[in-house]
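Look at the two complexes coming up: chain A is in both, with chain B in one and chain C in the other.
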Partner chain A sequence: MRKFMVFIIALIISGPLQADILVIVNAQNPVAALEKKQVVDLFMGRVSAFPGGAPAQTLDLKTGTPLRADFYKRLTGKSEAQVDAYWATLVFAGRMSPPKQFTDDLALIGEVVKNKMAIAYVSRQTLPGGVKVVIELPKSAQ
Partner chain B sequence: MVVDPRVISLLVLLSSLASPFAGAEVEHRFSGFATLGITLNDNPDVVFRNDVTQDDGAYEHNGSWENDSRVGAQWQGRWSPQWETTVQLVAKDRFDNTLANSIEWAFVRYRPVDGLDLRLGRLGADAFMLSDYRQVGYTLPWVRPPQDLYGITSLYNFDGFDLTRRIALGDAMLNLKTFYGNSSEKYPTGFNNGQFTSFDFDLFGLSSDLEWSEWKLRYSYVRVEVNSDLTKPLRNVWAQVAPAWPAANNLIGNLETRGKQFRYHQVGLNYDNNDWWFQSEYVRINSDLMLVANGENAYTSLGKRFGSLNLFTLVGYATPNDPELDISIPAGLPEPIGSQLNYLAQVTATRLNGVRIKQHSYGVGARWDFTSKMALKFQVEKFYIDKSGTNLWFSTDGTPLGDDKKPTVISLAWDMLF
Partner chain C sequence: MNIKSLHIKVSLSVAAAALLVVLLSSQFFYQRDYEKSFAESERSVLQLLETVQTTASIAAYVGNRELAQQVVTGLTKNDIVVGAAITAGKEIIGHDGKTARETKQDLISIPLVAPFDEKEIVGELSVVPNAPLIALRARDSAMSTAVGLAAQSTLVALLVLILVYWLMTRPLSTLSGRLHRITPGDGSRLDVHSIHRGDEIGLLAGDINSLLYTVETMLEEERQLRHRVESLETRFRGIFEDSSAGIFLVRERGNLVTANPAFFRLTGMDENEQLQTGDDDIVSKVFLDHEQAKSLIKLALVTKRPHTADLRIRNDGDEHARWVHCIFSPADNEQNNPTVEGVMYDVTQRKHSEARIRELAETDSLTGLSNRQAADSALQALINQTPVGGKAFAVMLIDLDRFKYINDTYGHDAGDKVLVTVAERLRKLVRDSDVVARMGGDEFFIILNHAGNIGMVTRIAQKILDAQQAPIEVQAGVLEKIGISIGIALYPDHGDNPLSLRKHADQAMYAVKRRGKNNFAIYEPGEDPLMESA
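This part shows the complex of A and B:
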């Protein structure tokens, strides 16, 4: 019984680690919302523009950041190693330049506020006025 | 070191195209890849080569690092969403190790609208499924692209252009590409003996890739036209005996290489549901040259992931489509012409039959992604080489193989991205 309680508590505590993920763009970006598939195409380097044709620049977290692994798992079902291997096929074939990598959420948000072409993902939090959410990836979405 | 004029022209091209953006804010990206590999082959008679561009490799437990070890570094300069320049350098054990050959890619990419790319410069020859990133071990489940098929890839890059168009078909994505350019390469003809055949060729290709959910389907066609005359001394000898044996004129015609073509047709299929994966590829070569054998090459690989561990099996196959060349000289010719002709026929047949590939293989292996951007791999393969099709291997003593060989090749690799 005690073990069971510990398990339940552990589940509750681990909840916030698996928080909702928000995909954000600059507030002035004409795009109001994106579908999951459109986000997959952008972050997997299949397209390099927003629906409507404006050039897009995907921003990423550094490899090894827990949110990064979580984001790609929810988006594509792939592990971080699979995503890195996939991106290496695009980058070293010279088809795409790799997304610029940032150390944390704050740095990402700061860049999206400045850059009208940017698109990034962050954990659920209060966001500044310079950015807007185009899709939420709830933790149940796989 | 003598700088190849090709290198200079590439650099001039890159700098002239980049100069309009001299004032623009440029984003520089630096990235790289490396593999440290060791290959063991239990057979003392044959040298294992990854492909026909290598003159060295594993034999008799010597533990060759030359097969797979390499370092690549890449710079990408993004001048605007439309313009980007890429230069990739690769250092590895090469038969002809020059600065010019170390430049894998050096090109300018122009993207007028999303989904349309025009590239100009030194580009990857996108002939097969893995061609564009075959040197980046980290992208592959195996230690190297399967040798039964990728052993024939003589083309790494070319100087020219390519044009890619992406088309969305509902949930599927279709990529169409066409390319044209020129390339030259020295192919070693023996184990560590410094001798080679120098090919210069023009190539034209089309490829189509369809990605749909867990599936990838690919078809490509490449036409290679040879600009070099590779058989002149041999033809001259046969021309001298033609008066005594007029059938030689036929042979002389077939030996020609300049202006002749060979063609690759390739189909590939990949399925990956992030748990199980499967990949298979088939290539057929149709050749108008006796010096490039008609043949078929294929492999199939099936794997399953267990967390960071990826286990796979691999089967490969290569066969020529023509019988071995046999030049039969009629009996009763006056001596010494008769015996000279017989000797010449034997030398010619040995040389031309040497380009055949007849082998198959079975393998198992594992890839372990033990930490970010690094993987360790282990692979064991058993090859069955028919003595009538040994072109992917060199004999250690330089003489043609007298019997079939069954080497076991064990490979270890440590791949990384940086």
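This part shows the complex of A and C:
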């Protein structure tokens, strides 16, 4: 019985990991949809503006969060450590900084609702009206 | 040291070969090593680029000039790179050191791909390699390889040289030096060190020794043979030189090959002069009967047997010819130039005595005319020489009239004087070739060789009769006229043999006697012996 309970909990925890990841922006952002490449360029610091010219601000989860590793794996094909090393290289060179980190989904969603420049990722869930999805990253879309 | 010595030759050959090998192999290995070294340097540059590729890609991806600058600065710290640049798109976002345009050489470039999308090329990383340094290093490396190789080759050549010298050249030159000091026949032999027993040098020495032995044996045999030949030659030369017989060797045409002193003594010729002029026909010079001598020489050559004859020698200044007995034998001849050996000895004395004896036997001692035997044989010889139907001749038989009276009246001396005088007159009246003989008593006989017809004979007979008209002083103050009776017979009309000729001449003479003497008559065939003529 106890073993069964652990399995259920494990399923519940791992549930979001297996689900689609949604990339969201403020609902007032004129951008309706983004290509995967555009998302990569934004999150990896290559561009700092949405298509159309509006400045963009990437929001990230805290290092060590399972969704974060999943997101980068799905987006770039690189591991979390590789992505961190990438940022470390850029930070060391100067004038560059990685996306601002938040502790959980709720904090992220709240920031996106408040910030018109924000772009962030969350697991599939019921989203509030202040945000909109610009791209879905399905698991299979490696 | 001799420049032609084997050792020098071998040394020079090995040195030349080694030098050639060193030159060729150094050239080859230098080239190969240079290229290899150069390629390695280029690979090093590429590896260097790969090392910084990720960082450079990131820099190009995000267009980060600081990061790009860090990368190119890091690259130019390597001494094989003199310049580096990172371009993102068309823009150079990092650059350090020299540019390709400054150094005028090719860049080594790699493309930079996006860190998160390998399909997208975001820029290019290029470096200017330090070509002079790379070349210098390649050269150094190649040079050290070549030098090492040359040193190795030289060492090997040196070793080969030393070994060849110790194992071959030195023993060979020792052997050659010893052989040089040996005179064949002095009994010396070559000896070589025992390590050469069985190898080529040992075999060579052994063969030379057996050759020396053979040569010595042959020399000794030759020496003995020469000694024997010399003693034989001395003996034969003695015989040849000391012989009293003249010995000479002539060719077919009469030229002298050689002759001994006795030959020159006999012929009275100058030895030196004759031997110098060997082309002369000495046979013609020496022999009075040279044609006979030459035919004897030919005969000896043709029949290959000796032929002999008594021949006269020319002898200027001496009235009497010298006679030699000559034996011509064919010498041991070569085919094309045959020679004949002649031996001659003096037979002059014997010839003279023979002639004297013959003279005595054929002469009438009182008158010096031929005697009966001589007349008989002369007549026989003439008939033998004259065939019937050939030339004719005449014989005369002469008898003195009144000889008995002179002899009885004035003595034998007077008779002898008459005979001598008549003989002289007869001899004068006929040719020298005619035979005048005294047959005995007061009877004379004449053979007229050439009187072939009656007219000629008649003229001669008349001349003889006329000559007798002159008186002969038989004693001091006493002159007597002596008549003669002549009987004539002709050959071959009156006889074809001596007997019948004489008999018919005798008949004719008696006919004259019967008719009154002091006349001549020619025999007439069929005539009665007592019938007279004229």
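Note that the second predicted complex is superposed on the first by the 125 of 142 C-alpha atoms of A that agree within 3 Å, B and C clash if a C-alpha of one lies under 4 Å from a C-alpha of the other, contacts with A are read in each partner's own complex, and residues count from 1 in each chain.
Criterion: a contact is a pair of C-beta atoms (placed from the backbone, for glycine too) under 8 Å apart; a residue touches a chain by one contact, two chains touch by 3 or more.
Just so it is clear, the structure is predicted and the values come from calculations on it, not from any experiment.
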item: Chain A as common anchor, with chain B and chain C clashing or fitting; value: clash
item: First, second, both or neither for A:S79, with chain B first and chain C second; value: first
item: Contacts of A:G45 with chain B and chain C, given as first, second, both or neither; value: second
item: Which superposed partner A:T89 touches (first chain B, second chain C, both, neither); value: both
item: Partner chain(s) touched by A:P55 [first = chain B, second = chain C, both, neither]; value: first
item: Partner chain(s) touched by A:K37 [first = chain B, second = chain C, both, neither]; value: both
item: Which of chain B and chain C A:L106 touches, first, second, both or neither; value: neither
item: Contact breadth on chain A, by residue count: chain C or chain B; value: B
item: Clash with chain C, by chain B stretch, listed 171-179, 189-197, 225-233 or 333-341; value: 171-179
item: Chain B/chain C common contact set on chain A; value: 37, 46, 76-78, 86, 89, 93-95
item: Chain A residues touching chain C - in the complex, by the definition given at the top; value: 37, 40, 44-46, 75-78, 86, 89-90, 93-96
item: Of chain A, residues touching chain B in the complex; value: 37, 41, 46-49, 53, 55, 57, 63-64, 76-82, 84-86, 88-89, 91-95, 97-98, 100, 117
item: Interface residues, chain B side, partner chain A - complex; value: 27, 29, 31, 33, 72, 74, 76, 78, 81, 84, 86, 88, 105, 107, 109, 111, 113-115, 117, 119, 123-124, 126, 132-133, 135-136, 138-139, 164, 166, 171, 173, 211, 274, 305, 308, 369, 372-373, 375, 417
item: Contacting residues of chain C [partner chain A, same complex]; value: 55, 58-59, 61-64, 66-67, 70, 115-117
